[in-house]
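You will see chain A twice below: alongside chain B first, and alongside chain C after that.
Right, the complex of A and B next:
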């Protein structure tokens, strides 16, 4: 039979100084791990939160991203008459030929410049993205050098405020509105009229086509049709799938989180082991007494494993709560982070994000640290010769 | 016709224990043989290093002899493995240590209950037996106190209650009064003595103190690992 849990609990409470330091150490490891994971998750969430499953995004065959894609006007004209494409109340095909350009703008406060995505959209393109809503000002007027920028992006660049101007090619665009894209990738973009955009940058071609098929059957049919049409040489996929794949930016951060997680976990493992070795040393005579009373070696091992794991899990819970508190405060304040998108080389805006799943992962990490760190001291406790343990001071 | 002598509870035959210290063999016990009858209060005396504690440890099943046999209630404990020994100790021997060896984070009652956690008794039965043991040593009203809230004498009485709680036939005590004042020592020894007289327990006690030894029913003297002729039964 195992030793009563109150034995471990009270020991943890009595050694409160060691307990507090161990808990804080493991909490720090878990919190840092979760913060890094939370940033990667925020980036992934931004990409995963973008698009409508009913839409198809078309880019040039071989292109991984819209910014590196070119779609000719002939290709656009051919595609827009495909019967699978839905039509609006004016009997126009629901398809938007868009241009994605990169413009450089001065960062707010920090100095220096960063790239940002400028999208030339059509009225159809805005209909296809109902999650993008105007928050301030008005939408741009077609034919005018006006731009509407994402609210979250506006907070990060100088001149993105209402009435400000953005340098685009040889011209400057006036900011007439701010939109919100509900945490999607469009929150890192500035939108203007597509034809005006082509004119400014003197571009004949588009970057991508966004379209809405009539129904699910038409969508499946259209995907197969575009893929198999060698003359078109275009790549089509659901808009949501396209954005779900745009998580490359999050990968370096995920690797850093994993590497740092491992390195710090090793440190925490030794801290937990050290604590438990000290615990075993301080309780040697108790261990001898328990063995004399008839408790098996297994019961002793189990007892120390439970105690070490419990202690570490307290740290894990605290670390998870710290990371979550950070997330809650940043969300409340509407703080966004920005990083370089490795595909478009433009600033991408995301929110730091800690989910219950991640918190559970943090607690599990602490449990693994506690369990493995307690194992050698627990074994040592169980292997202590009874008589010499009894003689210990 | 005279009644047949009682079957000994402890039978030790040609018991030897040799420790290895570096390259040197140290003989702690050399061919010791003795019998202890049920209800006896045997006192083991002798100078430091004479082997009395080693003999006590072997009889109690916390040390193994190098040769010879030690049978307690007919069981040769030298033949039991570590796991069997742990079970055997729990069911058959009560321990009283010089430093009390109570678990500091548990209350007196929880300390006394500890050996019962290894039995099949229900929670209610465990509580009842714990209370009975505490009453027997006069500590029923101190059960909820932690060891650091008890005097030395009270701690040792709690340790005796823990030794008694599983109702073992044999109680071993290693210098149980070594850390106590004269009054507390007298109380503890009286309890041990009364256990042999009223409850029929067998007590084997190691002590240096002749006054403590006077509570026993028989004294055995060890010198250099061998039993010396002593005063024998009182």
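Right, the complex of A and C next:
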């Protein structure tokens, strides 16, 4: 079937003055949607990017996050001699009992205080997390009240720079190094020696255990063994699974993105419909001519649908590019965002992230807006009586 | 081949024709209903009646012109309505996240927490020291339990362990039935619950509430003996601190101290004194008013506030673009008429006034629908239930509504400028020649 496609597409481009605002409006809708999704996706990426699939994380039964978990020394002692756990060259079990504390610190610049996550780690724990590498300074020396902070976290808090001090109760911790954790959840943490951490905060118990089973079979075996041992009352999970579930904070953002996306799309739908109606009204005579030239009604409907969709997709592409360039600039500048993580109850640092599939979703959204918005006007165009259409001014 | 295709198309058409007609008639019925409930329909009707009776004036001329293309006017109105409704909702959201609700009694309440962070406990032996500080009327331990109710996987409302006798002097504004509080004091495994939570889960006095601890490795099983209401947040559950101590093996710690001070004037002195009392001890405290305490939670939200602000401004921009686009369409459609008016001797200022009045009127009507709609929606919806207690009040204040209205009004004015300029620039002859 012949379509006057060229006519339609040229119309969008030549009469751009009529449609430019509509296109910009749709672009803004898509951009807002993508920015919100980009925030949520950044948070999810951070938690999904954390951990080693060979590791197991053990927390107390019923606790949702490490910061709210308690593991007794008895439990630790029992667990460390399980034969499924791998041994290093010194024949020590590869298991790390760690303490997670929340320490309140002043934000850099103006703006109050926020919680930060302080982790007491052991040498084993550092080996188990190859994602974390030292960037500046040196690692802490146990017993010297020293702490190493994630580079990205350090940018957000006062006193987290090299040589700065963090106040933890009556004690002061000196920052001796900065580490980088390749965009994982550890980028929101500060690390110090586990036993020192326990003594500073006067804690009997640990928060969690991180361990490495001998092999995949031992891992499945161990998961089942810890789970079924009612005496232990602990919950074991693959480290990656644990972190992948820490997305409670991203959820409301995703909801808001969807709701805003839908509501704003309805607004844009009205605008697109308006534009297309105006387009049809302004080109009544031309449509009549097309009909006389032999284009069928169906062809007219289809061509106007394509015109409307094309118009909206121009906006969609523009909006996606806008969001993407925002992402490009932000990641080039290394800008991080931070918000309260509802699970760990501490600041989580994440990066705004726009991926190609999200951009595709944005363009798809604009296409839907354009298609539905131009449907009634396209029908109207097809139903115009030929003779009076030709006569109209 | 071509004939075969034609045949197929014809066959398909025959098959779908009844369905198609049904669709068309449903569409028409919907359109008719929409036409009937459209305020513009009624405005037009009233104006036309007026014009028939008293002749046309400037005002009725503008109205008749604005609604002449009812579909366009309606779509403009609706897009303004949606955008202004959205703007109002976002501003309300921002307010909810940045300004915690206030009450008079709350200004007399002070919370002391561990300086390290809110999650770090305080020694129970601090109590006698705090009690002796002048200006303190009442003090009670106040420990957030953070349990999950029944089978829930999130903490949807707070539970606090308190000293039942001392706590009575702190939430003075909470209304509790006569004698019920005494029942609470007597029974160590009982609790009293906010009216909102009772309603939400359909609980009644005498029911039991089970909580799985997330911060504490213990579970609670409490009997409801009293209900309170009349506070800013009627959701909490309060139980005996003794019970928590018993379950956790009496570690000698509390979460925070909750104090009531004698008057608002002495609040700052009390705060300073409490802070000083524990300086250089193993558990230094940070004391702040209840309001400041809540504000500190807001500060933890970090960039989220900024993001909402950013989105609000994007919405305003979108709104502007859409209205400008429709207004210029409306004017372009009538370019020739405006040229005729010019030829008849109407001045530029008058033409500008016509355009301005039309765009302003449509924007105002849209704002009315949008802001009114947003207000109705947020006032009558059970948001607390929907968001699991994340958003509680979501009050659309007059101030926010006024902001929305001002933005819409400015919009109406701004979007009239471009078309007016175009009309002013064009000579009568050119205007008459315009076809598009």
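The rule is short, and it goes like this: the second predicted complex is superposed on the first by the 392 of 393 C-alpha atoms of A that agree within 3 Å, B and C clash if a C-alpha of one lies under 4 Å from a C-alpha of the other, contacts with A are read in each partner's own complex, and residues count from 1 in each chain.
Just so it is clear, contacts are C-beta pairs under 8 Å (C-beta built on N, C-alpha and C of every residue); 3 or more make two chains touch, one makes a residue touch a chain.
Because the structure is predicted, anything quoted here is derived from the model rather than measured.
Peer 1: Looking at A:6 after the superposition, I want to know if it touches chain B, chain C, both of them or none. Which is it: first, second, both, neither?
Peer 2: first
Peer 1: Between chain B (first) and chain C (second), which does A:231 come into contact with in this model arrangement: first, second, both, or neither?
Peer 2: neither
Peer 1: Could you look at A:286 and tell me whether it touches chain B, chain C, both or neither (first, second, both, neither)?
Peer 2: First partner only.
Peer 1: Using the superposition described at the top, determine whether chain B or chain C touches more residues of chain A.
Peer 2: Touched residues of chain A are more numerous for C.
Peer 1: Which holds for A:113: it touches chain B only (first), chain C only (second), both, or neither?
Peer 2: second
Peer 1: Intersection of chain A residues contacting chain B with those contacting chain C?
Peer 2: Dual-contact residues (chain A): none.
Peer 1: Could you please specify the touching residues of chain A with respect to chain C in the complex?
Peer 2: Answer in residue numbers: 18-22, 24-25, 28-29, 31-32, 35-36, 39, 60, 62-64, 67-68, 70, 101-104, 107, 111-115, 167-170, 201-202, 233, 248, 252-253, 260, 263-264, 266-268, 270-271, 273-275, 277-278, 281-282, 337-340, 345, 347, 393.
Peer 1: Going by the contact rule at the top, pick out the chain A residues touching chain B in the complex.
Peer 2: 1, 3-4, 6-7, 10-11, 14, 285-286, 288-297, 386-387, 390
Peer 1: Quick one: which bits of chain B touch chain A in the complex? Just the residue numbers, please.
Peer 2: Going by the criterion above, the answer is residues 57, 60, 62-63, 82-83, 86-87, 89-91, 95, 97, 99, 101, 103-106, 110, 114-115, 117-118, 162.
Peer 1: Help me check something: in the complex, which residues belonging to chain C touch chain A?
Peer 2: 71-72, 75-76, 78-79, 82-83, 85-86, 114-120, 146, 153-154, 212-215, 217, 280-284, 286, 295-297, 299-304, 307, 310-311, 314-315, 317-319, 321-322, 324-326, 328-329, 332-333, 387, 390, 435-436
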